[in-house]
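Common to both upcoming complexes is subunit A, partnered first by subunit B, then by subunit C.
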Partner chain A sequence: MPESLTILLLLTLPLAGALLVGVLPARNSILPRIVAMASMLVVLVLAAGLFYNFDGTIAGEPLGLNVPWIASLGVNLHLAVDGLNAYFLLLTALLFPVVLGSAWRTREAQFTLYLALLLVLEASLFGTFLAQNLMIFFVFWEAVLIPMCLLILAFGGEQRRQAAMTFFLYTLVGSVLLLAAVLLLGVEGLHQTGRWSFEFGHLEQLHLGWETELFVFCSIVLACAIKCPLFPFHSWLPLSYCEAPFSGTALMAGVLSKMGAFGILKLALPLCPEVSAVMAPYLEMLAVASIVHGAVIALRQEDFRRLVAYASLSHMGYIVLGIFSLQNTAMHGALFQVLSHGVTVVGLLLVLSVLEQRLGTSWRQVNALATSAPHLAIVLMLFILASVALPLTSGFTSEFMILFGAFQHAMAAWTSGALPIQLGAVVVAATVMVLSAGYMLRFGRTILFGESSCGTPLWDLNLREAMVFFPLLLVIVWIGIWPNPIMTRVGPAVSRLTQQVAGKSGLPLALSSLTSPDGGANGR
Partner chain B sequence: MNQMTLIPLLPLLGFLINGLLGSRLPRRLVALVACGLPAVSFGLTLGLFLRLAEGGAPFTETLFTWAALPGFRLDAAFYFDQVTAVMCLVVTGVGTLIHVYSTAYMAHDRGFSRYFAYLNLFLFFMLLLVMGKNLLLLFAGWEGVGLASYLLIGFWYEDPEKTTAGMKAFVVNRVGDTGFVLAAFLIWFFAGTLDFLEINAFFNANQPTPAVMNTIALLILIGACGKSAQIPLHVWLPDAMAGPTPVSALIHAATMVTAGVYLLARLNGVFLHAPEAMTIVAWGGALTAFAGATMGLTQFNIKKVLAYSTMSQIGYMFMACGLGAYPAAVFHLYTHAFFKACLFLGAGAVIHALHGEEDMRRMGALAGRIPFTFSTFLLASLALCGVPPLSGFFSKDEILWSAWSAPNGSPALWLVGSVTAGMTAFYMFRAIFLAFFGPSNVPLLKQQGIHEPPASMSVVLVVLAIFSAGAGLLGMPGVLREQFGLSAPFFSFLSPVFAPGATGEAGHGTELVLMLISVVVTGAGILLAWVFYGRGRSLADRVRRGAGPVHELVSRGYYFDRLYEGVLVRGVDRLSEEVLAKRVESALHEGTLVKPSEGVRATTRLFARLQTGNVQAYLLYALMGLALILWWGVAHA
Partner chain C sequence: MAADLLYGLLPEHLLLGLIFILMLLDMFRANRQLGGALFAAVLAVGSSLLLYQLFRGYSIELVPSEIVIDRFALLGRLVILGCGLVFGLCSLMQANSCKYWILLVSSLLGALIIMDSAGFASLFIGIEMLSLPAFALMVSFTGSAGTGEGAFKYLLLSSVASALILFGISLAYGVTGSLAIRAFAASLSSGGVQNLTAAFLVLSGFFLKGAVFPFHAWAPDAYAGARLQVTAFLASLVKGAVVLGLARILTSLLLNGEIVATITVLSLASIFYGNIAAIRQTTFKRLLAYSSIAHAGYMMFALADSTGARVEALLYYVSVYALTTIIACTCFSLISHGEGDSLDLLDGAFATHPVPAGVLALAVLSMAGIPPLPGFLAKVFIFKNVVASGLLLPSVLAFLGSYFGAVFYLSVAFRLFSTAPAVDDATGEVGKNTAWGGVLLGTALLTLFTLVPGIFNLLL
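And now, the complex of A and B:
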């Protein structure tokens, strides 16, 4: 099958599934779920094939699908696999069937609306990750918000209205600035080349003035920092994570948060390399603040979902740290963390969801799983270990590579005369190893061990649930033991990106250079 | 896949079999798998060892490339040289014995297969640790044994105290691991490799600056302190005794806790060029040896006595590493594995006989009731105390001699070591007099049940006792070697790995004198123990009362726990709850959510008020707008 067709199917199959599910009349029937699951599984197979066949070469323009849409404005429906998005596609394709499989018997899965929203969400995520045209990217980026918000609104907990509004408005604020940046880039392109174009390939060639670039960078990074989220833009996080239905939380934590990381990789660094190089140390510090803040707060959370929310904040911080280390190994680590955090956090949340499905509202008091449901306990323990970044799990591979790269970069900066602030930040980030062990094991102890207090017997893992968890564990163990065959596929793209940015400015400059007057003329 | 790769993989296989299917298999089969596979590993290790002993070159095996990028490459590779051989023999040998012992000890436990799965998992990680060719693989094993230790300490997970102890062990170890990881990063920055041979070669050839060398060495030391329970990261080890006793024998005495010593020995190329760090290692070891022994003096729980003793003995090994006497450190590691495992398993047999009683104040007069257990325990205790010609005598003496004669050694260091040796003899015989002699304080209910251990436990005790007695003969001290024309096969076997350390000018005469002194000190320790606890216990009680606060200080472990609990843990908790969760989070919530949304709401209200439905008003707005546009146009004309 030609690549362009596969890519088109990635986008259209879920949409078609959503339409089909929508017209299927049957409520309380299993048919809509089967249709939804089937389309997700086909998409998974296609995406896996795409990943497997992707050889990592990045010669010239990425191929894929390229259809003019609004040709006069340079908006093309240009979608392609380019190395940077390979992991994101795989993660999206993997998590949707997993989440649906886990929610199979829940109340919300009986509604066709729920299934349709999931499928639309999947399609818009694919659009976001595949886009090679900034306008298309932006459209999909925004489109993701709608199904997610409706999911919270329709199937959330008691404070769902507030949660949905907070989530929607907060992320929208970021997007407004992003839109301004998108338009500004289009206008810049028009000025410099005489025609409209939003193709990434073209936009990367533009010579932006310092102020323009700074504005574009800040808007993009703000939008992404809200999505990730990054300290201090995470206030929407606990509420949304706690109020959304488990499947919604899982998708938010697993995939939607990765849009932030993706935006930084795909937009901020290539479009604003000079500013990125200068700003990187400060963003690294923000990332470390996220890592520490999330970890310290997670230590004392009694509510498991809040705990996972803050742990997630901490782990997402590693991704940002890895990216802004502007170092090859760290960048690979960040990409691995995308996969690793995606599957780990979804695994943790789905285990909790299994408990909720078994016990109703009393699941929060659950303990002694090791006695009452030993298999479930083992699965949960494995996710906890991946989250603690134990070697031979994906968490270790990614965090080790991130810290390793960040450390090498910071040492290089220090030895060539910069202040050792970056180095200090990395060392602080490394000590969070201790805290993460603390909060995850505390979580594990509360839920797994002790003497069983709840009278109701607990069903252990059933076959469907085992099938749900198996692929997640497989990813965790594979990346943990043998990451090399996976990372070779994205190697060239990552190398090019690091060179693009690192080549611009050998070393981080002082903050004073932010107001550098050079080349401001283009911006006016 | 060759012989070497199979050594760690067989226990992993055992873990998978027992972990996945164990609950459905008959116990006999579980036990067979669990003991059989490590035994095969032992056999394979023995084969490789013999080839090395015949003068073969070290073995290397690269399994696959873990990750490769431009300027970054790490392999999953194994390396088997003389040090690895010693470690592997101890791990698989003592490990297999303890598995066999466990089949009887855990026979009635509900978690039988789970126990053996964990134990096999531990062996896998421990073998990964000692066979890894680079710091990455070593670290994988390093954290892995931490996991196994966590799982086994909290094996009886229904008891919150035990799971807390497991968690504490893991978290404290993580503190050390942070140091380890940072050391690895620094090593890479300078040497560009994590491979042990290349690291040592690099730092032997060129040293960045003394400050760098010392920093790297101290970071490694932090890592080693965590795993090997050295001050100030020792607090987890006494609590770790919550696990089943064979686990304490295997993990918390014979193998895992000695991993720090192995690490220091492996990276000798770094340490030899960091003289200040070496001195810290030596004195840190001496401090731990001394403090551990003092804490051992005051414990009544038989396992805790042994735990503090382990800490103290590892202190000796660290001291030897700090003096550059790596062969002596490894030698003591090797003899210690036997006698300490024997002691723990003997204690296990006592606890088994008394149905779980660990407090020595409720023992007594057991020598007559379980003479077999007593005799192995006594033999191992004598070996630990360093009574000639048992194994502990030779290995400890080698270290004390280095403390005196090595270039950075000193009589003061030797003195600390010797005093510690005296205290060692005292606390061990205190335990013996309390548990095996004197009046019986065993509750009546448990009196009838006292019995000798079953065969599978006894055999293991005998084997370990024999090795405790005889293992030292492989490493005769220099003076005896010269006097009687003997050889020390242990040291000549290790000689290809460690560059010969500089020997001091102190002669053999001194060595002989020091040796005599240490024998006398040991004898004095035993005698004192008899005076205090053997004759009757009134004197001990009086002294304890007289010592008052000092005794309190020592028996509470110098308040390390309370300090960490009160300052660090409480501090972070308060930071989490009071500062971050309450202040920062709410301020952020206010600043990024509430305030802006209020602003937006106010603006919308303003615009809503404009929409009066009054046509004249709308006309006015339109005109105002037009005026503004005109003004703007004029102004920018």
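And now, the complex of A and C:
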């Protein structure tokens, strides 16, 4: 099957599924769920095929689907796999059927609205990750908000309205400036080349002035920092994570937060290489602040969902740290962390959701899982271990690579005469891994061991749930043990990206440090 | 020549004939459904005729420098007739007499004349024909006391606007010695106190008619007093025709710095005022009024561009905005069954009326400018012109203004989903109401605008 057709199917199959689900009779029927699951599984197969066939070569323009949409403005529906988005594609395709499978018997899955929203969400996420045109990227980036927001609103907890409103409006703040930046880039292109075009390949060729580039960079990073989220733009996070239904939280933490990382990789670095090189140390420090903040707050949480929310904040910080180390190893680590964190956090949340489905509202008091439901306990423990970055799990591979790369970058900056602040930040980030072991193991101890207090017997994993957790565990172990075959596919894209930033900055990476003359003045 | 007059102005003649037939029907007290059916049929014929002329590339100067049929005239009339058709289908059930249709058609006729006009005389006639029947529409067919106040405010300020426009025109005539708009535009670019005053007077007249801040005060009362479908008519077609009239005068003319600055400030004020004031509204019509003030701001913002793509952007914006407003109003009345216009009626409406609630949610999100809905594209078309004209800061401010807009549009959408939907579907109301035809046609047109956003660029 040609690549363009596959990509078109990735986008249209979920939408067609959503339409079909919408017209099916809802009453007590399993049919809508089967339709939704079938379309998600077909999409997973297609996406896996795309990933498998993608050999990593990036000669010239990425191919894929390219259809003009607004011809006079140079807005084409241009979607392609280009290496950077390969992991994101795979993660999205994998997590949706997993989440639906785990929510199969929940109350919300009885509603066709829920299934339709999931499918629309999947399609818009594919659009975001595959976009090769800035305007198309923006359109899908925003379109993701609507189904997610409605998911929280229609199926959330007590404060769902407030949570949905906060989520939407907070995220929209970033988008307002992002749209301004998108238009500004288009106008710059118009002035420099005489025609409108929003193609990434076209925009990367532009020579922006420092001021323009700074504006564009700040808008993009703000939008992405809110999406990620990154300290101090995370205040929408606990409310949304706690009020959404479990499946919604899983998708938010697993996939939606990755949009922020993807935005930085795909927009900020290639479009504003000079500013990125200068601003990278500041953002690294922001990332470390995020890591520390998330971990410290997570230590004090009694509610497991809040704990996972803040742990997620901490882990997302590692991704940003890896990206802004502007260094091959760290970038690979960040991409692995995307997969690893996505899979791990979804696994943790889905285990909690299984408990909630069994016990209702009393799931928060659950303990002694190790005796009452040993298989579930083992699964949960594996996710916890991946989350604390135990060697041989994906968490270790990614966080080790991130810290290794960031350390090299910071050392290079130090030896070239900068203050050792960056180095200190990396050391702090490495130390915080101990904290993460602290809160995750405390979480595990509370749930897994102790005197059984709840009276109702707890069923262990059934076959459906085991099938849900299996692919997640497979990814965790695979990346932990044998990451190389996955890594080779993104290798060329990653080294091209680091070279773009290094090449355009005009100075060796090591020099782009705190003391950079014009960055220091403008960067504040 | 006579044949040309007949052929070129055939849509106008059709509407004129329709008015006479409706009058006769009214006299003989014919079946009241007949009026609506005739209305829909004539508008459909008129639209297809315009489409035919458009594809044949028809253009003619019927009355030199007074009535000119060009691409804009064809497209503008097509937009008006298309939106009018959708509106007519939507209000087919609620219209209770032929008089309603007579007034509606007269107002539409005025809008068509605005689109044809190349001189100030016909422009002025068109504007008056547009607004006076609208006033009559507001006061008739309702028994409530608040209507009189709102309608009177509208009449009064509308005549002030007419006076301003007339005064501006006479000043312009003093300079150029001609009533042709083109002559005025040519002399405007040379500057001069009298020219600028004339331009400001005409502009403020249009701003008053279009309810742009600070000339907006009549709109909330007038909108709240009228019946919902009349409100929809005022907010969509009347406002759209006024804006397109302005586009007709200014075309892609390069404006003076002073005028651009004024327009920018006023439209920004309008965007902020409308969007922020709308947040605290509790009734749908007032919400619509404030949102229409904000939208008037966006449309006027398009005049600040200097890239010459203003007309295309405005045509797109007006058609999308008018259709969305009509659809939103129709869905609201389908949900509320005509009982009051409190926003509380929308609470949990998705559970009881899934289809109109879903469409209404999409319509308000489109008005808020959330991609990939057409309202977003409409805003992008305007903003890209303004950014390309070097006005980055005002555009960023306007984006911020639309952020405030998202707050209340979202809260409407949220009300619809505020209770979890019931498992068993609500059924039975679909199919009984002809308003569905209007909603369907409008949605189809909006889908077309979304799929082919460059449509006006291709046709213009």
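Just so we're on the same page, the second predicted complex is superposed on the first by the 503 of 524 C-alpha atoms of A that agree within 3 Å, B and C clash if a C-alpha of one lies under 4 Å from a C-alpha of the other, contacts with A are read in each partner's own complex, and residues count from 1 in each chain.
We adopt the following convention: a residue touches a chain if its C-beta (ideal position, glycine included) is under 8 Å from a C-beta of that chain, and two chains touch if they have at least 3 such contacts.
As the structure is a computational prediction, the values presented were derived from the model and not from experiment.
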item	value
Partner chain(s) touched by A:E451 [first = subunit B, second = subunit C, both, neither]	first
Partner chain(s) touched by A:L153 [first = subunit B, second = subunit C, both, neither]	second
First, second, both or neither for A:R161, with subunit B first and subunit C second	second
First (subunit B), second (subunit C), both or neither touched by A:V173	both
First, second, both or neither for A:A38, with subunit B first and subunit C second	neither
First, second, both or neither for A:A71, with subunit B first and subunit C second	second
First (subunit B), second (subunit C), both or neither touched by A:A418	neither
First (subunit B), second (subunit C), both or neither touched by A:M467	neither
Contact breadth on subunit A, by residue count: subunit C or subunit B	B
On subunit A, the residue positions that both subunit B and subunit C contact, one per complex	169, 173
Subunit B-touching residues of subunit A, taken from the complex the two chains share	166, 169-170, 173, 232-236, 293, 296-297, 299-300, 328-329, 332, 368, 370-371, 385, 390-392, 396-397, 400-401, 403-404, 407-408, 411-412, 427, 430-431, 433-435, 437-438, 441-442, 445, 448-451, 482-484, 487-488, 491, 495
Complex contacts: residues of subunit A adjacent to subunit C	25-28, 69-73, 75, 110-111, 113, 135, 138-143, 145-146, 150, 153-155, 161, 164-165, 168-169, 172-173, 176-177, 179-180, 183-184, 186-187, 190, 196
Residues of subunit B defined as touching subunit A within the complex	64-72, 76, 139-140, 143-144, 147, 150, 154, 157-158, 160, 163-164, 167, 170-171, 174-175, 177-178, 181-182, 185-186, 188-189, 572-573, 575-577, 580-581, 584-585, 588-589, 592-593, 596-597
Partner subunit A, residues of subunit C touching it in the complex	350, 365, 370-372, 376-377, 380, 383-384, 387-388, 392, 395-396, 399-400, 402-403, 406-407, 410-411, 414, 417-418, 420-421, 423-425, 453-454, 457
